[in-house]
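Below, chain A partners chain B and then partners chain C, in two separate complexes.
What follows is the complex of A and B.
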């Protein structure tokens, strides 16, 4: 059984004039110690997906359907009290901006001790010992001293290390990292990423990495999901998707990487912009920007088809697979 | 333990607050004056030449003696005496004490109510917010003095003057505290609305903290600076409200005079030449309120998050 299994998750936002669908039929699973990448443009629903896993979508958002099974128990149907036992304790989350995630008026030590004590009955002294141990694990020099410092006394990279240490405090099974390096200096990014990876590997923690950086995903994750307009349009082993993307959108994303173009040439870009939730086109949400779009694409949402080990939601891929099969049948 | 105290002092010494305080002459002067007044009020029983509450010490023959330096003055009463023969210096010291107690007491009550309702309204939002803030609006639409006059008059009528005299100080704290809580509640609510959108609140939720904990431990400390600023100004306001009520005869009784009731008691004699009974406590009141307000202004400048990032 997978550690985390999300089945057909629908998330909607109740706004004036009806509901907006932010996530539509999201299904994926995460095994123990696995590293899963979640990519997509801003507004594709990556962060909403992360928050809904913890059943923490802010009003007016709500889970309209589907299940989030963590060790077989449905988080979408759990009481707030049971959820609190899982949040931070079994599933931890790391946010994008280390400047904002730590409470500016509490010392690092207070925040860490508090987090431990919210879940375990132990003395402040023992909690501090755990905190020091975790700070050492994220390679923070003289951790005892840091405990009495305020967040503003640390640099951005240091703070993100502290945040990783806080995520690791209670030895969670899953860490959800929502663009953990986006707000950092490029040189620090690689360091923090490597650290996070190392720790997850050492402690056998499953990592769900949310990012819009395909480069990071390709290096870090074993499997990846590509999201577009609240749907997963392609998911499968990272290597297969990066080397041979099936969905026209994923292909576009990969072709848009600077590494893909000739030196000096203009970068490729996918024409148009992602539709806002208010006016998602009928059929496949990508159809207005897709060069393969047909009437069928404009009418109905494609189902997932299997290409190799990859699940793709695209009629064009479906046609290509059918053609290939025909060709194989004609020439035995 | 030693190292902790040293570093705490070092933190204060290195802080922006201390730095800007050192450079602001008005703030230093106001602080010194306020400190002197607070200390002399606290130690009034030691400093005052006589005890104005002790009726046995009062001699009616000493009434309306002018301050030292005027003809007819008595050296035993440096600031003169009032119409009942009480030493003005002693009554002013004790009066400042009463006024400050009411000022601080009322603001503590206001802050407790205001912080609680402001936090609840801001953080929980929705219906709770709507109900609490409408109550605040309704309350603000009555003037503090009007509410206080009505409540005070009812109390005075039902308890009788004597009994009223004993509970007057608590009642004034209660009336002024309850009448002014919406000021603080609104400020707190506004900063909570801004704070709760910040990521550290999300992070706290993700950590599995309880709502109470997030509100009081994580959000509240981040909204303290505006509370400090408003609180300081409100102390001055409460002292003035008390003085106004006392002046109208609904505040502290003559036997335990506050600055306001001293001003009132002298007002009847101002035409007959005994100006000092009204003027001296009036001056003390003005200086007290002024320095508190000046300190409040300085605090607002320093703690304005737009000017200074913590």
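What follows is the complex of A and C.
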């Protein structure tokens, strides 16, 4: 059984003039110790997906359907009290901006001890010892001294290390990291990503990494999901998708990267922009930007088909697979 | 590349005073008054030449002074020391009317298209304003034609002129910002992180647009960015900055093929590449020091794995290497690296 299994999750936002569907039929699973990348552009629903796993979707958002099974128990149907035992304890979260996540008026130590004591009956002295141990794990020099410092005394990279240490405090099974390095410089980003990867491997923690950076996903994750307009349009092993993307959107996203183009030549570009949730086109949400779109694409949302080990929601891929099969039958 | 540069900056320095007024500087300690002055050393002696038709990219991490260089060239900030020349004429000392023709020839594109368009002006007004300002003698029809032309050239429907900035997506807004820069037929465009706020698929659209404009209008770019993958694609030459100094300046191909400066090497290795299965990068010790108290000698020595006593004392100057670039590193100069 998978550690975390999301089944057919629908998340909606109740706004004036009707509900907006932010997530539609999201299904995926995460095994113990697995690293999963979640890619998409802004507005695709990546962060909503992350927040809804911990049932942290705030008003006017709500989970309209589906299940979030953590060790077989449905988080979507759990009471606040039960959820609190899981949040931060079994499933930890790392957010994008380290300055926003840490409380500026409390010392690092106070915040770390508070987090431990919220979940365990333990003396302050023991809690501090755990905190020092975790700070050492994230390679913060002289951790005892850091405990009495305030967040503003640390640099951006150091702060993000502290956040990772806080996420690790209670030895969670899953860490959800929402764009953990977007606010950081490239060299610091590389260090933080390598650290996160090492820690997850050492402690056998599952990682769900949300990012818009395909390069980062390719370095860190074993499997990846590609989201577009609230749907997962492609999911499978990372290497397979990066090397041979099936969905036209994923292909476009990869080919639009400057590192894919010849220097000085025009980059591949996907025309248009992602639709807003207010007017998602009928059928496949990508159809107005897709060069393969047919009437069928404009009418109905494609189901997932299997190409290799990758699940793709695309009629064009379906057609190609059918053609291949036919060709194989004709020439046995 | 022509022999004389279009833009030439020499020995540029910029300090931002942190100490405030005299009263804030004075403190009473140990029975005596003390006066303390502090400044952020944003740029410390930068020499750069931009040649006609090229795209010079300036890269570096946050706080390295790349945006300050851009703003100082544009005259939005006045340099503490050093000179800015445009087509052989010194422009940083010009004022008022004398500066006006240069303002037209040099235009800027900013990072955040949500902040750089006036929310209370329609797109038509936004695009007309620079034309009215620089060509007051133009007739209404001329202005209108020009606005239509630039809108078309950046792929914005001219019928959308009566809309406001907030009605557009980020990518469209950045197109409008580019159109505004192009409206007065500039020769030189400074683009300060023009695609950093945009999504990947939109970044490609805007980069293509900028490259098309460069070709059709014979533009020269100074392109400020922290994204090295974009530089590799877009730049003719690259200047790598660290703590207010240029540490390496080289043609793009040469820089990416064989980076010489240890900092450039670390920076290039940190780009996450699609073909990587794991992060592999050159580890630097510590973090970027504060620009308030600059390290002595080479600004990079505290993090450099190859630093020796000379690096800690003597500031390295840029010198030409055999592959057509310039690098400021004692180690490379001595042949140690």
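Odds and ends about this structure:
Simple rule for what comes next: the second predicted complex is superposed on the first by the 332 of 332 C-alpha atoms of A that agree within 3 Å, B and C clash if a C-alpha of one lies under 4 Å from a C-alpha of the other, contacts with A are read in each partner's own complex, and residues count from 1 in each chain.
Convention: contacts are C-beta pairs under 8 Å (C-beta built on N, C-alpha and C of every residue); 3 or more make two chains touch, one makes a residue touch a chain.
Here the structure is a predicted model, which is why all the values come from computation and not from measurement.
In the superposition on chain A, contact is made by A:261 with chain C only, not with chain B. By the document's definition of touching, neither partner reaches A:322: not chain B, not chain C. Of the two partner chains placed by the overlay, only chain B lies in contact with A:97; chain C stays clear of it.
In the superposition on chain A, no contact is made by A:15 with either chain B or chain C. When the two complexes are overlaid on their common chain A, residue A:129 makes contact with neither chain B nor chain C. When both complexes are overlaid on chain A, the residue A:84 reaches chain B alone and has no touch with chain C. The partner of chain A that touches more of its residues, comparing chain B with chain C, is C.
Of all residues in chain A, those touching chain B in their complex are 54, 56, 59, 83-89, 92-93, 95-97, 100-106, 114-115, 118-119, 148, 152, 163, 166.
Put simply, chain C touches chain A in their complex at residues 61-62, 169, 171-172, 199-205, 207-208, 211-212, 226-230, 232-234, 252-253, 266-267, 269-279, 281, 283-284, 287.
Interface residues of chain B, counted against chain A in their complex, comprise 7, 125-126, 198-200, 202-210, 213, 217-218, 221-222, 224, 310.
Against chain C, in their complex, chain A makes its touches with residues 41-42, 155, 157-158, 185-191, 193-194, 197, 212-216, 218-220, 239, 242, 252-254, 256-261, 263-264, 266-271, 273-274.
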